[in-house]
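Read from first to last, the chains carry the letters A, B, C and D; within each, the first residue is number 1.
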Amino acid sequence: MKIGKATVPRTAICTSDAHTIVVRGRDLSKELIGKVSFTEHFFLLLVGRMPSAGEAAVLNATLVAIAEHGLVPSVQAARMTFAAAPDAMQGAVAAGVLGSGSVILGASETAGRLFEQIDRAAAQHGGDLQKAAQGVVAALRAERKAIPGYGHPLHKARDPRVAKLFEVSLKAGGGQRFVKIAEAVEAVIPDIVGKDLRLNVSAAIPAVLLGVGFPVNALKGVPMLARTASLIAHLSEELTDPIGFALSYQATREYEYTGAVPDGFVAGGHS
Amino acid sequence: MKIGKATVPRTAICTSDAHTIVVRGRDLSKELIGKVSFTEHFFLLLVGRMPSAGEAAVLNATLVAIAEHGLVPSVQAARMTFAAAPDAMQGAVAAGVLGSGSVILGASETAGRLFEQIDRAAAQHGGDLQKAAQGVVAALRAERKAIPGYGHPLHKARDPRVAKLFEVSLKAGGGQRFVKIAEAVEAVIPDIVGKDLRLNVSAAIPAVLLGVGFPVNALKGVPMLARTASLIAHLSEELTDPIGFALSYQATREYEYTGAVPDGFVAGGHS
Amino acid sequence: MKIGKATVPRTAICTSDAHTIVVRGRDLSKELIGKVSFTEHFFLLLVGRMPSAGEAAVLNATLVAIAEHGLVPSVQAARMTFAAAPDAMQGAVAAGVLGSGSVILGASETAGRLFEQIDRAAAQHGGDLQKAAQGVVAALRAERKAIPGYGHPLHKARDPRVAKLFEVSLKAGGGQRFVKIAEAVEAVIPDIVGKDLRLNVSAAIPAVLLGVGFPVNALKGVPMLARTASLIAHLSEELTDPIGFALSYQATREYEYTGAVPDGFVAGGHS
Amino acid sequence: MKIGKATVPRTAICTSDAHTIVVRGRDLSKELIGKVSFTEHFFLLLVGRMPSAGEAAVLNATLVAIAEHGLVPSVQAARMTFAAAPDAMQGAVAAGVLGSGSVILGASETAGRLFEQIDRAAAQHGGDLQKAAQGVVAALRAERKAIPGYGHPLHKARDPRVAKLFEVSLKAGGGQRFVKIAEAVEAVIPDIVGKDLRLNVSAAIPAVLLGVGFPVNALKGVPMLARTASLIAHLSEELTDPIGFALSYQATREYEYTGAVPDGFVAGGHS
């Protein structure tokens, strides 16, 4: 069944023949393997050109920053899945990747879009970022939406990763405009939201990546790639020190059943 | 419901408090972000220690080698999934990751296990790798199993990535024992299998990684992490230049329906 | 890490002790197994009460209608995934389920929400459904959005499943209000959109299900459950008559590489 | 890239033109919608013929029996995933489906294969099922493998669903040979394993389904389809009564960090 119009698939990423694999215009074996880092290769695949040293440094820093934060929901889901289906590590990785949604890891992308919006709005405020931030954040609140990338359940003061990412960006010569926008948002939040929500890592990531030309469309890919590294490490640990079922046991050691019961059944609330 | 024995989850990968995130014994913000590359971080997460420069070079080379090979089945599945569900990039990445199975990308791990088996068997042959390879490969064939990591649908001569990976390993000072085992397997295949199946990238990856202390249990993680980078690039391209439905259209432009039809229905074989 | 407020999980769906499994207030073994059909059980799980005979008939009809439509993108993705990873049928099913997104199978839910909106808007038009539909559809077009559930790449005349679902609904005594709304939308489309987009199965499903008290929030579950049945059948066929790699081969037998190439590489456009 | 030999995809499940959708030789709109139940349709899709009333009754009973068992690991994984990524219900369903592995829901298939092995072995024991079971189970134990479908973490006496499924099978006229084999296995276990592991639902399902001609290859599909229904119900509940993050919070309210810490960090063991 034909859905849509284009019928001949096309791509600008890779082609190959029996002797050569071409990736973004380069001979993979001769020009890339052994010559570029995986992080540079990721940038090349995504953006279509090699990153500068500074761009690679910033991308490395964000990938390192967001990769691991312990037994978070997506890691738990992956380890439970692997315990139930140890024959398929890829299934457990996929289960973890599926937790990269709008609420958890997707905030990098939505924060990036917010910053771009403020960037564009600044022109209407004579370039005043704070005023532009005020307008955009207030509009967001009026729609009762969360401010993506601000506030953290654990790190009530500023997330410790934020200052470090900003430092790396500065040292690497990355553009600082989106860092300033991110800080402008942080500054206007208390008055508008009534709470002191500080910049977290999900806002710092787009702030520094947009400064090195990383495409906003691909921002979500950064936490996803980083978390995949973490998921693989956790699943490797699960093979030798399994906790998938222990996590599941703990999760419902205590729970409340709020439905009806048949005659004679004594509701326990413990499974 | 309690399944299994351990009831308190434990992990050696990460812990944190409000001010510090500890990854493998290091302060993430102070000791890792901005100081280590993503590839070094992946090694640290997985193995529990920082890699040497040579180890990082080999790991980088394998990740770069296996990341991208065009519109392969897992990329097609991911792009079709994204076309159907553009609201969820993570779902499309997951669909692609799910294609990292025993037949396609999982061969890295099974080849690694094969090499370890030959490594152990060599002792019984006075250290003769070729004889050890002969025994193990012949046994595999007797069970009618494929030799993982040998032969390639496109690269009939040796996969161009193989020589490059071996060169990187040598230059980086990686152990060469598993490279020799991989070549011993290639040498014995024609006599045993009756076909000249050459080393492909999925055998070269464990050959060089086992030489730098990479855990065999985590070998499958290398193609999975690498392909995630590629999947993100393809999905980013899909956003601006969509081909998901074109791929699907092409895939069944011609097909054969082998079932029955109701009276009066003229079987077309074209959907 | 504590995310959110509720800390004791609760559910109204199921509880159990060593002797009894309670589902929605009923003893699973004594009151459900052997007494209710799987379709009735699905309704019970979801809605919390047993369906009437008419409600079950309508739900059955929708599940049967949407289960199978040949080698569609999600089936292709699943069969490719199974070919690459035959060790994990669940991974291939998951890859197929991930294609139930906003563009393809999710239209049932978005169409359902559209009908509810028209239902509410009708009050402002003295109950005139056509006028209410006009307003809502025109607003949708003004935002350049598609009308979910109308038009079909293959079935240019009305999708053959639509009339049948409406007939089942009528015979089963299901409420006809949302069927009328669905037809009102079809009637106003040509003038507003300039094309004669006919009701397809994704609009007919909510039209008949909302008439039997099916929750709009769970509408997306109907195509997902139905397609899971189809995916399992296709993967079972894949085990004995594999086509996963053939589909992938066909999909890119012809393709266009639009990127650069290294010196000396002759771009083929065939992989 | 061409992988494998077959290049023209073929299928016996479905074909269609602009007016008719053919499923397993029948006109979907005229012969199936409104005429067959979803369970009969699933059987038809999978087996290629309509089930008898007895066959449909047995299949219904197994789907109802295995659909729901509370906040089990796969449901937890799905609800956590939905909390993190509420934009994509299909992703949460997929995360839950991925937990249908060899350890948890896949036991239906492995138990079915075990029963077929005993069925074949019986000929060598003059048809004595108990002796055949003894041989096969003892061989399994010698390889230190678990007996799939026997023992249950909660239901130490026989799983309450088992007797009911056997009763349904008998009443529906299903073949009893595999029920007898399942009971023979239960009888020989105490002597061989040293523990009284009773038949659980995962052994009862193949015991009754193999008696109505259900293909052993598709056995895993039964728990997968059934659990999909349950997952959809849980995710619908999650929309109105969210517990995904509460489950995750509980799962690691207590945990042990077994790795090193930087100087000055006081390990808490609570995240």
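The working rule: contacts are C-beta pairs under 8 Å (C-beta built on N, C-alpha and C of every residue); 3 or more make two chains touch, one makes a residue touch a chain.
Everything quoted here is computed from the prediction, not taken from an experiment.
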item: Chain pair equivalent in interface to C-D, over half of contacts matched, among A-D, A-B or B-C; value: A-B
item: Most distant chain from chain D, judged by the mean position of its C-alpha atoms; value: A
item: Where chain B and chain C are represented by their mean Cα positions, the distance between them in whole Å; value: 34
item: Separation of chain B from chain D, taking each centre as the mean of its C-alpha atoms, in whole Å; value: 29
item: Separation of mean Cα positions, chain B and chain A [Å, integer]; value: 23
item: Residue numbers of chain C (touch at least two other chains); value: 1-4, 8-17, 20, 30, 69-73, 83, 85, 87-88, 90-91, 94-95, 98-101, 106, 154, 245, 247-248, 250-252, 254-255, 271
item: Complex interface listing, chain D residues touching chain A; value: 1, 16, 70-74, 76-77, 80-81, 83-88, 91-92, 94-95, 98-106, 154, 244-245, 247-248, 250-255, 271
item: Complex contact set, residues of chain D against chain C; value: 1-4, 6-21, 23, 28-30, 32-34, 36-39, 41-42, 45-46, 57, 59-61, 63-65, 67-71, 83, 88-91, 93-95, 97-101, 106, 154-157, 160-161, 163-165, 167-168, 171, 215, 217-218, 220-221, 224-226, 228-230, 232-237, 239-243, 245-250, 252, 271
item: Contacting residues of chain D [partner chain B, same complex]; value: 1-4, 8-17, 20, 22, 24-27, 30-31, 48, 69-70, 72-73, 85, 87-88, 90-91, 94, 153-154, 251-252, 254-262, 265-269, 271
